[in-house]
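Each remark here refers to the structure printed beneath this line.
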Amino acid sequence: MQDIGRSKRAARSFSLDDVAIMPTRRTRGIETVDIDWRIDAITFGFPMLAAPMDSVMSPATAIAFGQLGGLGVLNLEGLWTRYADPEALFEELGAASDQVTTSRLQEIYAEPIKAELITERLRQIRDAGVPVAGALSPQTAQKFAGVVENAGLDFFVIRGTAVSAQHVSNATEPLDLARFIYELDVPVIVGGCATYQTALHLMRTGAAGVLVGFGGAATSTNAQVIGIEVPMATAISDVAEARRDYLDESGGRYVHVIADGAMGHSGDIVKALACGADAAMLGVPLARATEAPGQGWHWGQEAWHESLPRGRRVRVDQVGTLREVMLGPSHSPDGTMNLVGALRRAMASTGYTEVKAFQRIDLIIH
Amino acid sequence: MQDIGRSKRAARSFSLDDVAIMPTRRTRGIETVDIDWRIDAITFGFPMLAAPMDSVMSPATAIAFGQLGGLGVLNLEGLWTRYADPEALFEELGAASDQVTTSRLQEIYAEPIKAELITERLRQIRDAGVPVAGALSPQTAQKFAGVVENAGLDFFVIRGTAVSAQHVSNATEPLDLARFIYELDVPVIVGGCATYQTALHLMRTGAAGVLVGFGGAATSTNAQVIGIEVPMATAISDVAEARRDYLDESGGRYVHVIADGAMGHSGDIVKALACGADAAMLGVPLARATEAPGQGWHWGQEAWHESLPRGRRVRVDQVGTLREVMLGPSHSPDGTMNLVGALRRAMASTGYTEVKAFQRIDLIIH
Amino acid sequence: MQDIGRSKRAARSFSLDDVAIMPTRRTRGIETVDIDWRIDAITFGFPMLAAPMDSVMSPATAIAFGQLGGLGVLNLEGLWTRYADPEALFEELGAASDQVTTSRLQEIYAEPIKAELITERLRQIRDAGVPVAGALSPQTAQKFAGVVENAGLDFFVIRGTAVSAQHVSNATEPLDLARFIYELDVPVIVGGCATYQTALHLMRTGAAGVLVGFGGAATSTNAQVIGIEVPMATAISDVAEARRDYLDESGGRYVHVIADGAMGHSGDIVKALACGADAAMLGVPLARATEAPGQGWHWGQEAWHESLPRGRRVRVDQVGTLREVMLGPSHSPDGTMNLVGALRRAMASTGYTEVKAFQRIDLIIH
Amino acid sequence: MQDIGRSKRAARSFSLDDVAIMPTRRTRGIETVDIDWRIDAITFGFPMLAAPMDSVMSPATAIAFGQLGGLGVLNLEGLWTRYADPEALFEELGAASDQVTTSRLQEIYAEPIKAELITERLRQIRDAGVPVAGALSPQTAQKFAGVVENAGLDFFVIRGTAVSAQHVSNATEPLDLARFIYELDVPVIVGGCATYQTALHLMRTGAAGVLVGFGGAATSTNAQVIGIEVPMATAISDVAEARRDYLDESGGRYVHVIADGAMGHSGDIVKALACGADAAMLGVPLARATEAPGQGWHWGQEAWHESLPRGRRVRVDQVGTLREVMLGPSHSPDGTMNLVGALRRAMASTGYTEVKAFQRIDLIIH
């Protein structure tokens, strides 16, 4: 803790950019590395989820991502559940240059969410035989929970900028997370959270996983607009401690810590796990795939808030197919391709064979 | 404290950019948040004042700002009190590009201040039925105090780069602040100050509020010219401690701490309050309004000093109407619109319902 | 050590850019400075090696570098040992602008290494009468060791991104460094390593020198791709401590610490020695010579990895002949020419006459 | 002290940019401020010297600077003492754009220094009735000392990149500073030095003042070329401690500490005094005067070193006459005009009336 001034102290917090992992005295062959990710009843080929953002996940890319071995999460409050045929809007948002204004995004997303579209989109994914996951915000979770549950899914994701277990409101009946999760017959992943206390409370609601983050990164302007910023390395390290304490308190329930956002390159994913995360939820790296619905653009939920938008629609390079982005081979030395190979290589180069041990690797601050 | 070298130590100081607020374990509905600001006998709709700068406040915008719920402060040493019809000069200063030189500013502002124009401008604001406030520098405060007081106003603002309670001069009779404030029949807001000691002394003069800052920010070049710099987060935190100590020493007089300058985006206002400020005096955010007299330019008093100018005339984007800038809705995700909504959202997202409690929120350094 | 968060601590690490050497109370005439470098049976005129990179060392430049007094190391896995006549490929790689893609590099370097070309290239250097050194990666060292040894050389360099004394693999029989070095009749220089522990283990294998670094610097993108970064000042200082401890443990065997990469200008070489290095292996400074095979471009081994390239081909200025770059005179005040003169000048200006003592000079952090 | 790594520790050092001065609880009228500078028998109107650099001081500008109240120091190893009529060369160096290469500078300055030109240039200044000062490097000081002394001057300046009291050389008889100064009948100002120890030794030689710095700043590339860097705030603070200790040790001899270089704007001069300097030797601020011989360019002695140049010729803006630069009025808010007024303003704004007390003002690190 450091003095800001006479009446305030603060802790220095670290982003993933501020840290790096250190080589150790051991190296391993890459074939010895196991990066399978087991959560609830399912084992994935790698510890990476696709973020429920319209520029990243459509029903089609969720299926493709699942077929590669990962968990694709569909945004159930996006264009696919507001419009029966959103293709023209994706064309507009993808093709246009900087001329798509925040006002236009606010207009497009003013269209109400349709329950029947939720059902249809989730069924499409389930029919493909891959794990099914959909995301709602805390504000809409209760309203559509039944629809979602009936549609059948493997993971229910409740994702907001700041999700707490203790939301107080006069206007609306706040979501009682503990009861909600208890009554739901599906494992829930919930966040964003960014502190030890919030994470501990979310873990106590019965969540299978918590998302660490506060409104993404590449597209978010929360720092400028509301002054809140959550350097990711510190946030993950704090929440990992909550996981450890809750594991003890609960007598053995292991809640997965999932870093959400602020990981633009494969090296960031490596660092997130090294800070204590069990898995990483990816936005911008997947928006760079040629199949990504954003077609070279990337935007998050905050970009279309009706009175206080806190996100940008940003341009991203299209670097290769979704398969190349995830599994390689890479033809670009900048951490945008072969994300899975990069994680395996990082672990092999530092002598680790599994993620759980890798979480203890030494970091440096630079 | 850190060693600069063998004969000097110094404390690390922090700007608002260096810090951010942290989420807490609680969130609230935005409708539960109360940001009313009560100072002296008046309650404002939000804790924000408009800075007495010619590019920001004209009689017309002071009225408009008051009607939105805030306190607009008119510069009583600006063009409106030097010229009966300053419109042509505003045209020149607003329309022109970079060609308006410092020399031209020095020329324009060489025109003397007229007492009758002070009277007229203040009456115009009072007639509109909004709270009236005008600002003079310490150098002219005594000379025009009678004029100002007779014109009738709710807050008298004495604003300079460095205002102390102990000014020593050979050439002129220095302003005796304590006596001046005692004799004046209007609450006084005085500053800028930047340290615990100066703030404490200013509080003892009987001021209702102290301005924290040293020559603004966006337009100031004090650091380059005279080597003085006052990182705002540290300054506010130090002055907030003076408020606490003076509250005790005075047996309960609460002097408002008003951050003045260095807040270009709504997130900065949030951080200023989080550091301990009761309210924020805004320059550049209001210069971005379409009605702002600066017409896309912004400049401060220091820009026209006759022998040692210490400020620039800078270009600002015009982002929306004054109402949109203050109350939204925002169509820009960069913290330039809906400043009031952003403050409410920041407090709601971190679980606070009032500013006084929000001053205790945890910060991080990044 | 500093807290990253509740479950992780990390040490601040320093790059050469973060530090500088301090003047002392003594200065010396430059003619009193002795920078000879003695390793194994050979004395070199200056403590600098040329890096085994295709853009830096050809048989011809290895000879030229040796004639100037240094140790040139030929890459035995580069174009000269894959192709009998690589000149056309060097033309393509050197002449072309940014259009040479990573894919093209991967294609060119897919050609297998030929044993007979290793023999031929090394003989060419030996025939010129200068010390002979060639480099292989740990992966190929065993396969070509016999060929290399028979070709006759003064130093065998085993150089990889991360080389450890304890490599574990399922797929291949890992290189047993200690046995390999013991059986080889040539002194071995081995690395990159970056930590005290790894360096100590490498020293125990019997190596004559260890390379400090992790995948070069100017061209490497390891930080972005796999999250590993090794700030050089800290790495050298750590490995220098291993040298000291091993010297004691071994009863007097002095293993040379050779900084490898991250030294773009002569001042960086000075700082590397000041941090504790005995010598510096140079890439980019030599790629700037007009004779350099890269012809104005520079790239490392990592640039052509088949599935996970971690290096860029970067443009460098051609500043003068190899002789001018090494011995001057310099006509460029930016640390790119007269590297040897710069080292001598730095030592003279701070009052040192030999490198061993210069390793103890005081540094500052800025 | 902080660990660089296991075998090295270093202190954090601060440049003038890293620090700023803080307001105090007192302000003063600017007319109460006294900035006279008394050294040896002479009192100057302000504590600023003009640096002996060809782009700054000609005989004519040395006279003009003296007439304004300062001490102009002529470079006795520059074009004015190498060439009888250097005007054409100044035209070439001033008029030309980037095309004047380091090679051309090396060529021009290869011309030998002429004793009779030293005599003539110094007489010209003396005849104008202003204090006379000339600078030589340690290498030439002995050779031309007699000439200089006979020409008559008020201050003899020995100025080099690194000047120590203990220079060891095989090739030449090193300058014995203590004897040299003892035998000379003129007060000597000597430097650059950058540490407590060197400064203390230089003070013991009998110097009237020591220059703090290591090869200027705006034009120097010492950091890149030889790895030496001397952050100015720390250097001044260290040398000021040597002044204090030597004052005690010598029983009352006060040696002036003169910051030399790294002060591009008036705020930097303020900070240098606040760190403990008695006066400031200025290069780039004076190169900005319309009369400056550099005609919009600035270069130092290191730019023309025959084998290892360590300085650039850099472009500077011409902002006003020498009188305007020093005494104002300023028409530029960037710290380039009215340097003297800026110092007075800084002291008045922080409540100081004399430099000696101002050296104790509090600093912040930002």
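Order as written gives the chain letters A, B, C and D; numbering starts at 1 within each chain.
One rule holds for everything that comes next: a contact is a pair of C-beta atoms (placed from the backbone, for glycine too) under 8 Å apart; a residue touches a chain by one contact, two chains touch by 3 or more.
Here the structure is a predicted model, which is why all the values come from computation and not from measurement.
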Path length in steps (a step moves to a chain that is touched) from chain B to chain C: 2
Farthest chain (mean CA position) relative to chain D: A
Chain copies touching (chain A, chain B) - same or different residues, decided at half shared: different
Turn needed to bring chain A onto chain C - CA fit, degrees, nearest 5: 90
Mean-CA-position distance for chain D and chain B (Å): 40
Residues of chain A engaged with two or more neighbouring chains: 11-14, 234
Every chain pair in contact, whichever chains are involved: A-B, A-C, B-D, C-D
Of chain B, residues touching chain A in the complex: 11-14, 19-29, 31-32, 196, 233-238, 240-241, 244, 265-271, 274-276, 328-335, 338, 341-342, 345-346, 349-351, 362-366
Complex interface listing, chain D residues touching chain C: 2-8, 10-15, 101-103, 106, 161-172, 174, 193-195, 197-198, 201, 214, 221-231, 234, 302-303, 306-312
